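I am attaching a structure below and will ask some questions about it afterwards.
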Amino acid sequence: MPSLGTIVFGTLQTMGMTLRAAFRRGNTVPYPRKKRRVPGQWRAGSFALTFDPATGEENCIGCRLCEYICPSEIITVSLRKGEPRKNGIGATFCDAFVLDYQACMQCELCIQVCPTDAIVMTRALAPAVRSRNGLLLTKERLMDNGQALLAAPALASEATATKLREWTDAARGLPKAEETP
Amino acid sequence: MSALTTGWLGAVVLSATVLGVAMTIVAYLTWLERKVAARMQNRIGPYEVGFPHGWLQPLADVVKLIIKEDITPRAADRILFNLGPLLVVVPALTGFAFIPIAKGLAIVDHAYSFLFFTAFASLTLLGVFAAGWSSNNKYALLSALRMVAMAASYEVPMILALLIPALLSGSFQLTEVVEAQRGLWFIGYPLVGQVAFLIFLICALAEGNKSPLDILDAESELIAAYNVEYSGIKFALFYAGEYAHTLAICALAATVFLGGYLGPAFLPGFVWLAAKCLVLFVVILWIRWSLMRLRIDQAIRINWMILLPAALVNVLIAAFWVVGR
Amino acid sequence: MPAPEVVLALSTRFGATPCPLGVEIPAGELLTAMRALRDAHGYRYYVLGTATERETTYEVGHVVRNLETNDTLFVKVGVPKDAPTLDSIAFVYAGAEWQEREIFDLFGVTFTAHPDLRRILMPDDYPGHPLRKSFAMDTPWGYRPATAPAPEGEA
Amino acid sequence: MSAAPVEIVEREFGELALNMGPQHPSTHGVLRLVLHLSGETVIKAIPVIGYLHRGVEKLSEHLAYDQLAPVYERDDYLAPTANSNAFVLAVEQLGSIAVPRRAQWLRAFVAEWQRVSSHLVWLGTLGLDLGGALGGGTTLYMYCFRERERILDFLEEFTGTRFHTNTNLVGGARYDLDAAMAARSDALAASIKTALPELWAMSGGNPIFQERTRGVGVISADLALGVGVTGPTLRASGVSYDVRKAASYDAYAELPFQVVTRTAGDAEARFQVRFDELAESLKLVRTIVAGLPTGPIFARKPLKNPKATKLPKGEAYAAVESPRGELGFHIVSDGSAKPYRLKINAPSFKNLQIVPHLLPGGLVADVVAILGSLDPVMGDVDR
């Protein structure tokens, strides 16, 4: 058994700690009234298929890279040939684009591999749904999200394919060839 | 006997009023506990139900518990199982009847009210044992067995500590005990009073099931212990019984150690009593939300090796003092 | 990388052959070899038990470590697929008990003289041993991502 | 998940078989313990695991190397980065893939932050085990989670998610630390350091806590080695083995830090080892931020089709020191883009194996104290 001094001092120390804590400010955020800031590259939201803000054309070229990389294998894309785009990124489109959000684990790999920044995450919470069908993000739903992002670009996650590739660029941070003596 | 309890009708009306007030107080004690605990843990506590500060939360809890499904396990002993909550609540509330709220005024002012009170306070444990045994659940059974061990040991120093006020006042009548404190509260008697109060406080933690001596509903080991199979209103009764029990013990401590209703005359006596009760209750909460739980063998060792000898020596000193006075 | 003198000692005494990350030992010599490793060579720390399916064998691997020299050694034993039985080393290294149970559970290799050989991860009534290559991934109860909305009333 | 063959006997002389879990507040998830009791004393304890088995090793044989790192982050869900870190180390060793120096430091940076966050969860839940949900334990738990929440907020700002940061890629790291985030990390480390004495006052400095943990669940060094317990559990038994020192990976060869050891081997020693590691890790993150080298964080070509990344035939074993101990990946490659066989050396699995050796002789209250001091994560045990 510990000595009497340890018992008295230790107990007083613990109780003094809780007493001091009682006069501190609380940490709770009263959620619906006060919302915490959503970080810029937040990746817990829903998905969107983006549009080119200049021409209004869809960015997805149906290349299926996201389908190949997805570890949960929840993305299904099929390709469709169409009219060439005005902004010159090709003449292929996705015919069907289905993302089964139920099994998504938010790893962001699909966004990282996208060559045209077509798929992004939104910084808005995915809305609650009443049936599992509601979590099946079909092309229409993703495009609706994309239209919403056109109206409010701040809702898009900052982590787009371009930005992620820029981060992981093998030449990043190295002195450029002409700068080296 | 007080004039308030004359006549059957009067008794019924008075009992109903006291019961209603007591249950409301108990419900709001849960709110107080949640708020105190939240403050100590840097949280807010109940806030949204009855905005701000959740003052309707107890009401919501009671309504929720009443409309929840009431389940009796098939293998349970039905009679004891249903009797358990009552056996906890009734004695705990009965204890209040003996607490004097003004000079010579208590609902029951018996010559041995002191002893009656302690007897009724111990009776709640019978309900706990009935619940633990009849649930036919191994966790509840372990809890009931722990209760027997804890009650058998902690009752002894508790009664010995309560002997000090009885010795000093020379009476077992609570109103007399309070009146004997007019000069100096019993906690103020050098050494004897403080040691007795400390021992009583520690035993009160064990009796009221509060950490660090909440051995019998150690929910990290025994899940919900003796009330693991209870739901709905029966669970609510257990909950209320536990708080009423704690409050009754606080009221007793305030009465026999802290001068009961005595206090400066600008406030009526029962307000002083309530204030002293509340302070003691918050102190118990403070201890509860600060300390971890002892193991059962350690708790019982502390009782037999420290509390009991200390209480005995204390009684001896007090007895010599009273005789020599 | 395993210490060369240990590999040499094992190969002269037990006929072990070097292989990637460790040595391969004949099945009959496993128990004595593990004892020697623990007592004579100082490999007292049991790291891991694993198994790999090869063409005709299940290759059971016990990984042990000498903490003084900080040397990790894979001791591999080939068990024929048609009669997958091997000596248990749970009495040499207590840590092997659960690892061998896991190999038994997932590969179906039986360990003789094991103190408590039961399935450990899968349910007791589970058909088959999942880590065998013959065990198909496409189980009927597995989750398949949806590609089209479910019909009304089923979702 | 072996239910039936566990023999549950309630004999006439009063032995009671108590099923603790898989739904029980103190079994840290879905562990089930079949306890044979005599009174309150445990005579025999049989752990039953597998309730959280997700077949990750089988799944690995189905997915390509570039896809797998996020999958493993779900294993040990209190320190996800350690899993993917060990995996990418094994792949890089097998494929001789070079990793930029800055990426190595960043991996260590996230790993150390998650070590702090994981140890805070452990301390809080140990408080719950010892103090209960209606007592001082909750208070300690709330203090721990208050600090941990700030770490998660920081990681969310840094990587986008609070938990599964997915910061390790084969060949580098994924997110880069800028000056503003570096300053935030320093401030956070300093502020959590000031909170450590508060946590100590609630736990290690309290006589009741000491009484509950001292001499409880003693693991001798011999038993620890034979059973193969790892991490803080091993170090509390006097064996100074830390993968970060013994088989340096990432940036740890260049980083100064102490390996915390104790010799008592009881629950209190395990508590002290982890508590001191908190301070060590907080020191480490500040060292990393101060000395972070410049350069790229990813040396391979940008990710594209994962089937294109093929590893040579062979075997590799790489381990990291996760908050729970040595977490290793043994990969057998047949030259394709998918692992032929992948074995996870899970620290919690090995630490949990000691439970049947520790519990007999103790009381029911000691069961939760011992389990809490071992810090098992069932996602890691069952994989």
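A, B, C and D label the chains in the order they appear, each numbered from 1.
FYI, a contact is a pair of C-beta atoms (placed from the backbone, for glycine too) under 8 Å apart; a residue touches a chain by one contact, two chains touch by 3 or more.
Keep in mind that this is a model prediction, so the values were computed, not measured.
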Between C-D and A-B, more contacting C-beta pairs sit at C-D
Would you mind pulling out the distance in Å between where the CA atoms of chain B average out and where those of chain C do?
59
Chain C and chain D: spacing of chain centres that average the CA atoms, whole Å:
23
From the mean C-alpha coordinate of chain A to that of chain B, what's the distance rounded to whole Å?
54
If you average the CA atoms of chain B and of chain D, how far apart do the two points sit, in angstrom?
43
Enumerate the residues of chain A that touch no fewer than two other chains.
11, 14, 17-18, 21, 27
Flagged in chain B as touching 2+ other chains are 40-43, 289-291
Could you check chain D for residues that touch two or more other chains and list them?
136, 139, 143, 146, 202, 206, 208, 211
In contact (per the touch rule at the top): chain pairs
A-B, A-C, A-D, B-D, C-D
Contacts from chain C onto chain A in the complex sit at residues 143, 145-150, 155
Partner chain C, residues of chain D touching it in the complex:
1-5, 49-50, 53, 55, 57-58, 62, 222-223, 225-229, 239, 241, 246-247, 314-317, 326, 328, 330, 332, 340-341, 343, 345, 349-350, 353, 357, 382-383
Of all residues in chain A, which touch chain C in the complex?
72-74, 76, 96, 98, 100, 102-103, 131-134, 136, 138
Using the touch definition from the top, list the residues of chain A that touch chain D in their complex.
1-2, 6-7, 10-11, 13-14, 16-18, 21, 27, 39-44, 65, 68-71, 105-109, 112-113, 157, 159, 164-165, 167-174
In the complex, chain B residues that touch chain A
36, 38-44, 47-48, 286-287, 289-291
